[in-house]
Amino acid sequence: MNQMPALLSIITFTPLIGVILLLFMNKNNHSVLRGLAMVVTLITFLASLPLVTGFQSNAEFQFVEMVPWIAAGPFQMNYHVGIDGISLWLVILTTFIMPIAVLSTWTAVEEKVKEYMICLLLLEVGMLGAFISIDLFLFYIFWEVMLIPMYFIIGIWGGKRKVYAAVKFFIYTMVGSLLMLVALIYLYFKAGGGDFNLLNFYQLSLDPATQTWLFLAFALAFAIKVPMFPLHTWLPDAHTEAPTAGSVILAAILLKMGTYGFVRFAMPLFPDATAKFTPLIATLAVIGIIYAALVAMVQEDVKKLVAYSSVAHLGFVMLGVFALNQQGVAGGMLQMLNHGVSTGALFLIVGFIYERRHTRLITDFGGLSKQMPVFATIFMVVTLSSIGLPGTNGFVGEFLVLLGAFEGGLRWYAVIATSGVILSAVYMLWMFQRVMFGELNNPKNQTLKDLNAREIAIMAPLLVLIFFMGVYPTPFLNKMSPAIDRMIQLSTTKYAARLQQQVPAGLQQMAPMVTTPPAMEMK
Amino acid sequence: MLEKYLILSAILFSIGTLGVLIRRNAIVMFMCIELMLNAVNLTFIALSKHLGNIDGQVFVFFVMTVAAAEAAVGLALMIAFFKNRESIDVEDINMMKW
Amino acid sequence: METLVMPAINFAAIMPETILSIVAMVLLLLNVFVPGEQKAYLGYLSLVGIVVAFFSVVSGWNAPLSLQEGFNGSVLQDNFSLFFKAIFLISSGLAVLISDHYMVKEECNHGELYPLILFATAGMMLMSSGTDMMTIFLGLEVLSVSLYVLAGFKRADTKSNEAGLKYFLLGAFSTGFLLYGMALTYGATGTTKIAGIAAAAAQDGTLSANPMFVVGMLLMATGFSFKVAAAPFHMWTPDVYEGAPTPMTAFMSAGPKAAGFAAFIRVLMVAMPVLAVDWSSLLWVLAVLTMTVGNVIALTQNNIKRMLAYSSIAHAGYCLVGFAAGNGEGTAGILFYMLSYAFMNIGAFAIIILVGKKGEPNNNVEDYAGFSVKHPVLAMVMALFLFSLAGIPPTAGFIGKFYLFSSALKAGYIWLVIIGVLNSAASCYYYLRVMVFMYMKDPVEEFDWMKLSPPVLLCIAISVVGVVVPGVVPSIILQLAQKAILL
Amino acid sequence: MFDNVWLIPLFPLIGFLINGLFGKTIKEEKVIGGIGAFAVLCSFAVACMTLFNIISLPVHERVHNVPIFTWIKSGTFQADIAFLIDPLSCIMLMVVTGVGFLIHVYSIGYMHGEEGFYRFFSYLNLFMFSMLLLVMGNNLLLMFVGWEGVGLCSYLLIGYYFHKKSAGDAGKKAFVMNRVGDFGFLLGIFSLYWWLGQNHGIWTIQFTELAKHAELFQGCTILTAITLVFFVGATGKSAQLPLYTWLPDAMEGPTPVSALIHAATMVTAGVYMIARMNFLYIQAPTTLTVVALVGGATALFAATIGTAQNDIKRVLAYSTVSQLGYMFLAMGVGAFAAGIFHLMTHAFFKACLFLGSGAVIHSMHGALHHAHSHDDAQDMRNMGGLWKKMPLTYGTFLVATIAIAGIPPFAGFFSKDEILWQAFANPLHGDLNYLLWGMGALAALLTAFYMFRLVFMTFHGECRINPAAKDHLHESPMVIVFPLIVLAILSAVGGFIGIPKLIGDALGGVSNKFELFLTPVFEFSEEFNKTHGLIAAHHSAGTEWGLMLLSVVIAVIGISIAFVMYVQNNTLPAKFTATFPGLHRAVFNKWYVDELYDFLFVNPCKSLGNFLWKGFDVVVVDGIVNGVGSIFMGFSGVLRHIQSGYVFNYAFSMTLGVVVIVAFYIFR
Amino acid sequence: METLFFTIVAAVAVLSSILVITCKNPINSALSLVMTFFCLATFYVMLDAPFMAAIQVIVYAGAIMVLIVFVIMLLNIRSETGKRSNHAVAISSIVAFFVLFETCYFLFRSTAAKEGMGPITSSVVESVGHTELIGKAMYSQFLLPFEITSLLLLVAIIGAVVLSKKKI
C-alpha cells in the first residue's frame, strides 16, 4: 500500500488554511486574493490526485483516518474519514471543479472578493468533508457546514431575487437535514450506542417499521438536496440567482450530496425500506425526468432552463441508483460525475454570456454563433454532452442507468425515462438554436467578444473530461465497482434474508441470489 | 380544622388573583398580590400547626421579608414610572407590545 | 428544652456567593467616592470579584461532600450547582464587560449597577445550590428584586420603567403561585427540604397520588416556568427584554434563565422523582408550546432585541425538551446549552450595543443594512452568533441542541424532537433575516457613531471563543456537564 | 489481417480534428478541402484493401471481430470499441467511403467561398467517422454511437446556414425526430440484452454473439416487441412513416450534405441495421409485416408528395424517402440482400442526382446573384432548358434519372425489380403480397413520373429564369463535374454485380455476385426460410419475366405522362390542379403532416410545459412551500398580538395556564 | 365556639378582601387590605403562632401598608378613571373561580401529611414560647435563608435608592 497517511485530512483542510490566509489579506488587492484562492484550490486538486493512483480497486474504505473526537455521556464521535469507490470520484470531482469555479469568477465578482473566496473555500471544506466522512455525525456536521457559504454565495453575490432564493435554499435544506439528524440519533440509540461508525450501522438489522421511518427521514433530506420532484422548486430559484461559480458548484457537487446520501446511507442502512419505497422513488424520479424536461422546454431564462435540466438529470441518477444492480448504480454514480462536468460547464457558459450581456433571457440572444464561434463550438459540445450524445460522458451514464433500471425491477420506469432522452434533445437544442442560431439581430449582440484565453482555459479541462469520460469511462467504473457491489449487497441482502423467512420454502428460489456480507465485527 | 383554613386561604388567593386580573391600578394590583401572598401565609401557618412543625412559620417570616423588599422596589419602580408618564394605570404601561 | 445549636456554618459551600456579596458591598461603599465618569472602575473591580468567585467555583469542583454541604441541608454546592455557578459568573462577567459602554452612552452609569449584578448573581447561585425550598425561594427573590431594578435601571427612559414595572408585577404575581406550590408541597410532605421531600415521597407510596403533592409540584413548576420564560408564562419576556437596558437584557437572557433551570431541575428531579411521569408530560407540552410560540412570533419581529427575546423563549423550549427527557443527558444538555447560550446571546447583544446610537437605539433589523460592508469582522461575528443560535454546526449551539434532542430521543420522545427540529428550522428564518440585512442589502447608515469600546470587544472575543471552541471540541465541556448531572 | 481496420474511421477523425481545431487558422480552402477529401480517400483505400482481404477468404471465414479496447464494463454488461468486418460491412464501407470521397471532392468546388468552409469539412469528416463507426461497430452500442453521431452531424450540417431560422428549425427537427427513433433503438438494446441475459444467461450485445444464439429467440413473442422497437429506431433514422418529415426539411443544408447524408449514407442506416439483425427479424413475422407495410406505404406516400413539389431538392428528398421505403419493403419481405443491393445502387444514382441538382443550383445561384435577382435558385419553375447551358450535368443527371426510374439495364432497374419480385413472390406475408407489390409498383410509376417531371422542368422546355441572369448560367468546374461523371457511370453499370438469377440464367449462368457475397451475413435467415418453407419457388419463371416487363412498362408509362404533361402540353398541370384543387393542395402541402404533428405533439408539449411550470411548479409546489411560510408568518402576525402589552392580559394568560394545567392533572 | 369565631373572622376576611378588589379608590382598597391583614393575624393567634400574628401586624399592616398608602398619597392617585370592560371582568372572574374551584376540589381529595408529625404542639408553644421557637429555628436550621434575607433587603434598599433618588 502506497497510501499516504493523513492525505484526506490534508486535502480537506487545505482550503481551510486558505481561508485563514485570506482572512489576513488586504481586501482591496483583488488579484492577490483571487490568486491565492486559485493556488489553494489547485494545490487541493493536485493533492487529491494521489487518491486516484493510490486507490486499490476493492470495496474497503481506504486512506482511513480515525481520531477520537467527542466522547461524552452516551456519545462517542470520531473524526473517522476514508474513501471508497463511491466517494473517490466525488472527491476528485470536487477538487477538480473548485479551481474552475474560482477561475470563473475572476472578473465576474468585483465586490467583496475576499469574502467570496472565503465562502468558496469554506464550501470546499464542507463538501470534501461530507464525502469522506465515515462517521455519521461528522458527515452531518460537514453536511450542514456546506449550507452556510452557499447561502452567502447566493445571497450576497446573487441576482435580483437573491434573498428569496438564498433563504428558500437554506430553510428548504435545513428542514430536511434536521429531520435526518433526528433519524440519525434515533438510529444511534437503536444501534445501542458505541460510536457513529457507518460500518457498524451497516450491520444493524432493524425491523421494517423502524426502517420505514428512518428511511423517510433520511430520504427527505437527500431528496431535497437532489432535488427530486416535487421538492425541486428551490433549485431553479437558487440557480437563477446564484453567481456563476455558485451555480457551478451547486450543480456540480452540492446536488450530488443528495444522491450520494442515498447510495451511502439511506439505501444500505435501510434495505427493507429501500425495497418498499423503490416504486415510489422511481416514480418520482421518472416524473422528475419528464416533468423537468417539459418545464425546461418553455423556460425563457437560460439559467433556469439549465437548472431544470439538472432536475431531469438527477432524476436519471435516482432511477439508476434505485435499480440496485451494478449497471444502474454505476450508471448513477457515473451520471453524477457527468452531470457535474457538463452541467457545471453549462452554467459556466451561461455565466460567460451573462457577464457580457447582463441578461439571460433567451429572447435577448440569437445568432451568437456568428459573433462567437469558439464559444459556439464549446457550447455545442457541452449541450451535446448534456443531452447524452454517445461519445460524450453524458451518454455512458445515462445508458447504464437506463440499462440497469430496465434490467432490474424498474422496467417500465426505464421505458418512460428513456423518452426523456427525446425531450432533453428538444429543450436543449431549442435553447441552443434560439441563443446561437438565427440572425444576429440585436445590436447589443453584434459587438460581443468571443471567449478570451482565461475562459477557454476554464472550459478546456471540462471539455477534455467530457470526451475522456465518454470514450474511456473504464477507470471510473473499475474503481467504483467493488464498492458498488458491496453497497448493493448491503441494500439487498438483509431484505432478501427477511423475504426468505417469510416466503414458503418452495418459493425461496425466487428471491435474488445473494451472498452473505463479509463479517465485520461490531465495536 | 385544617381544611377550613386551607379553603379560606384558597378563597383569599383566588380573590387576590381576580384582583390582579381586573384592576388597572398598578398599586392595587400589587396589593392584590400581597393578598395572594397572605393567603399563602395562612396556608403555611395552618399547615405548620397541623404538622406540628415550625418550618412553615419560618417560611412565612421570610415571605413577609420578601413582601417588604418587593414593596420597596415595586413602589420605587412605580414612582419612577409615574414621574415619566404621570400615570400608574396599567393600560398606560403599554409602550412595548407585540 | 434543648439549647440553641448553631448549624455547621460551612463557608466552603457558599464561597462564591460570599465573595460576590462582599465585593458587592465593597463596591457600594466605593461608589460613594468614585466620580460619575469613572464608574467603569467599579466594573473592573466587580470583574475581579467575579474572577475570584470563578476560581472558588473551580476549586470546589468534585469537592468532598463535607465541603459541599452546609447550613443544615439548606445548601449543597455539588457539581451541578458549580456548573451553573460558572454559567452565572460567565454571564454576569460578560454583562459587566458590556455595561459601561452602554450606560455611559445612555447617561445612566450609576455605580449601583455592578453591586446589583453581583447580588443577582449571588441570588442565582443560591437558587442553583439551594436544597431547601426557602433557600431557593429567597435566592430567587434576591435575583428577581435585583432584576426588577436592573430592568428599570434607566430611570429616565419610559421603556425601561415600563420593563421594570411589568417585570415586577408579573414576577410578584408568579411568586404567589410558586409560593402556593411550595406551601402545598410542604403540607403534603411536612418538610421544606429537597431531600426531605424526596425521602417522604419514597416512604409514602400514596404521596405520588396525593393531589396536594401533585398540585404543589405543578404550581412550583409554573413559578419556575415563569423564570425560564416557558409558554404560557413567557409573556413578560419580550416586553422586558425590549425595554431593559441592553446589557441587562443580555444578562437576563442568560443568567437568570439558567438559574431558573437550575432550581427547576433540582426541585423536580431530586425532590419529585416519583412524579416524573407527571412532570415530564407537563414539560412535554410546555416545551412544544414554548418552542412554537417563541419561534413563530419571532418570525415577524422587526426589533432585534425583541426578536432575540422571542428567540430566547424558543431556546428555553429547547432546554425543556431536554428536561422533559428527564435523563442525565437531558440535564447535561441543558447545562451545556445554557453555557453556550450565555456566550452566543450575550455576544449578539454586545454587537447590538455597539450598533446602538444614543437616543436612537438602532434596534431594528433594517438598521443593520450593509453592516458587513462597514464592519466585516463584527458582521461575521454576529453571523457566527446567529448561526450558533440557529444551531448550525460547527458551533456550540449545534452541539447543545444535538445533545438536548438526543436525550429526548433516548427517552423516546420522538415527536417532541421532531417538533423541536422543525421549530429549529423555522427559527433559521429570522436569524437569517438579520444576516440578509447585514450582508445582502446596501448600506443606508454610515455606522460612524460606532465606538469600538475595548471591554465590549473583549466580551465579543470571549463569546466567539465560547461559541466556537465548544462547537469544535465539545468533549471537555460535555464531560464536565455529564459529571455535573444530578442523577 | 484486419488489424488495420481501425484506420478506416481514424482518418476522418483526424481530418475532423485538424479542420475543426485549426481550420480557422489554415484558411486556405484547398488545404482544408484537401485534408478532408484525403482523409476519406485514405479510408477508402483501407476499405478497398479490407474488401480484397475479405474476398480472398473462404466464404465462411469472412466474419471478423476486431477488438480495440473495452469501452464500458459494468457488471455483466460489456461494450467494446471493436469492429465487425464482414461482407455486409465491407459493402457499406465501400459505399460510404467511395461515395463519401466523391462528395468531398465535389464539395471543394461547391462550397467555394462559403463562410465557415473549414467547419463544413470538419463536419463532413466527423460524419464520415460516425458513419463508419455505425457500419463497423461490432455491437449494438457502438453502432448506436455511430447512429447518434451521424444524427448529430446531420443536425450540424443541416444547420450549417445557422443564421437562417429555417435551417436551425430543420436541424433541430432532424435531431429530435432521430431521437425519437433512438428512443426505440435504446429500448431495443435494453430489452434484447435483458431478455437474453435473464432467460439464457447470455449477457451480450455483440452482433456475432447474438447471431450465434439466434435460434434461442425462436418462437418467443418478446422478439416481436424487440424487433419492433428497433424498427422504430430505423424509421427515425431512415425517414419512414411516421417519422419522415425531417428529411425533406433537411434540404436546408448545403447540397453535398443532402447527397451524402440524406441520400446516400446516413438515411440508409436503418436498412443496414435491420439487415445486420436479420436473424432476429426473420423470426418475427409480425414485425416483418409491419416493416414491409411501412416501407411500402412510405414509398407510395412520399412519391405522391414528390409529384407536387417545385423545389428541386425537395423532390429529390421525397424521392429518397420513397426509395428508402422500397428498401424497407425489401427488408420486410425478407429480401435482405435485395434491400442492401438497392441501398447501394440508390447511393450511386441518388448521390448523382443530388450533386447534379447541386450543380444546377450552384449555377442558378451564381447567375441570379449576378443579376441581382431574388428569385429562388432551387425553384424548378425558375429553371427550364438548362441542358444547353450545362450539358455534362444534364447528361449525368439523365443517366441517374433513368436509373431511378428503373429502366434496364441501369442500376436501379435490377435492384428495384428484385424488390418488387420478392414482394410479389415471397410467401412470408400470405395475401398481403399483392398489396405490397401493388404499392411498390404504383410508387415506381410515380417515381418515374416525378423524376422525369423534374428533368423536364429543369433541363427542357424554355428557359424561365430571370432574363438578366440567363447569360450567367454555365457549366460547373471540373471538381464538381468529375464526381458527377463517376457517379453516373456507377449508376449506369452498378447494377450488373447483382443481376437477378433469372436474367443471369438467361445470360448463361452469370451468378448474382452480390447476393453470393453477402451469404455469410444472411445465412441464418436463408436457412430459417428454408426450414420454414418460405421460399419463393412456386412461381414460374414466366411470372417473373412478366412482372419484370410490367415494371419496365410502368416506368415507361410514368415517363410518358411526365413527358406529356411537362414537355408536350405545358398547360396540363395547371388544368389538373384546377380540376382537383383539394387534392393538389393536400399533396402540395405534404398532406399536412407537419401541421398534424404540431397539433398532436409539439403544441401539447409546449402548453403542458407551460402549464406545469406556471401552473404546477409556481402555483402548486411553490405555492405550498411559500404557503407554509406565509401560514407561519400569518400565525406569527396573529400570535404576536396576544402579546398585547397589558400586564393584566399577561397575568391572565399565566393564570389560565395554571388553571388548565392543574385542571388537566386533577381531572385526569 | 372556636368554629363560630373562625366563621365570623373568615367572613370579615373574605369581605374585606373582596372590598380590596372592588373599591374604586386605592386608599379604600388599602384600608380593606389592612383589615384583611388583621383578620389573618387573628387566625395566626388561633393557630398557635402569636409571634407571626405580631409581625403580621407590625410588618404588613404597619410597614408595608403604610408604605403603600404613602405612595398612593404621594402620587396623588384618585379613583380609577375607567374600569376594565365588563366581559374582561367576567372572563377573569371565571378564571379566578376556576382557580378557587380547582383548589377546593383537590384540597377535598387530598390529605396533608400526618397530623402532629413534628414536635411542636400547642403545649410546647405555651411552655417554650412561640418567639423562642421561631428564633431557634431561624438561627439554627434556617440560618442561611435568614442571612439571605439580609441580602434581599440590602438589594431592595439599593434598588429603591437607585430608582428614586434625585441626583446621581
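Note that the chains take the letters A, B, C, D and E in the order they are written out, and that residue 1 is the start of every chain.
Here, a residue touches a chain if its C-beta (ideal position, glycine included) is under 8 Å from a C-beta of that chain, and two chains touch if they have at least 3 such contacts.
Just so it is clear, the structure is predicted and the values come from calculations on it, not from any experiment.
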*In this assembly, which chains make contact with chain A and also with chain D?*
C
*Shared chain contacts [chain D and chain E, defined touch]*: B, C
*Using the touch rule from the top, work out which pair, B-C or B-E, shares more C-beta pairs.*
B-E
*Greatest Cα-centroid separation from chain A: which chain?*
E
*Specify the chain most distant from chain B by Cα centroid.*
D
*asked:* With centres defined from CA atoms, tell me which chain sits nearest the overall protein centre.
replied: A
*asked:* Based only on mean CA positions, could you tell me how far chain C sits from chain D in angstrom?
replied: 79
*In whole angstrom, how far does the Cα centroid of chain A sit from the Cα centroid of chain E?*
70
*What is the distance, in whole Å, between the centres of chain B and chain D, each centre taken as the mean of its C-alpha atoms?*
96
*asked:* Between chain A and chain C, what distance separates the C-alpha centroids? Give it in angstrom.
replied: 43
_Numbers and ranges of chain C residues touching at least 2 other chains_ = 134, 138, 141, 145, 148-149, 152, 155, 164-166, 169, 173, 187, 190, 211, 214-215, 238-239, 426, 429
_At least two partner chains per residue is the criterion; list those residues in chain B._
6, 13, 16-17, 20-24, 26, 29-30, 47, 50-51, 53, 55, 58, 62, 66, 69-70, 73, 76-78, 80, 90-91, 93-97
_Per-residue overlap in chain D, given as positions that touch at least 2 other chains_ = 629, 640, 643, 645, 647-648, 651-652, 655-656, 658, 662, 666
*Interchain contacts (touch definition) - all pairs*: A-C, A-D, B-C, B-D, B-E, C-D, C-E, D-E
_Which stretch or stretches of chain B touch chain E in the complex?_
2-8, 10-19, 21-25, 27-28, 30-32, 34-35, 38, 41-42, 45-55, 57-58, 60-62, 64-73, 75-80, 82, 88-89, 91
*Can you check the complex and tell me which residues of chain C touch chain A?*
328-329, 332, 372-373, 376, 387, 392-394, 398-399, 402-403, 405-406, 409-410, 414, 417-418, 421-422, 424-426, 428-429, 432-433, 435-436, 439-440, 473-475, 478-479, 481-482
_Of chain B, residues touching chain D in the complex_ = 17, 20-24, 26, 29, 90-91, 93-98
*For the complex, which residues does chain C have touching chain D?*
165-166, 169-170, 173-174, 177, 211, 214-215, 218-219, 221-222, 226, 231-233, 235-236, 238-239, 278, 282, 293, 296-301, 426, 429
*Which residues of chain A touch chain C in their complex?*
27, 69-75, 112, 115, 140-141, 144-145, 147-148, 151-152, 155-156, 162-163, 166-167, 170-171, 174-175, 178-179, 181-182, 185-186, 188-189
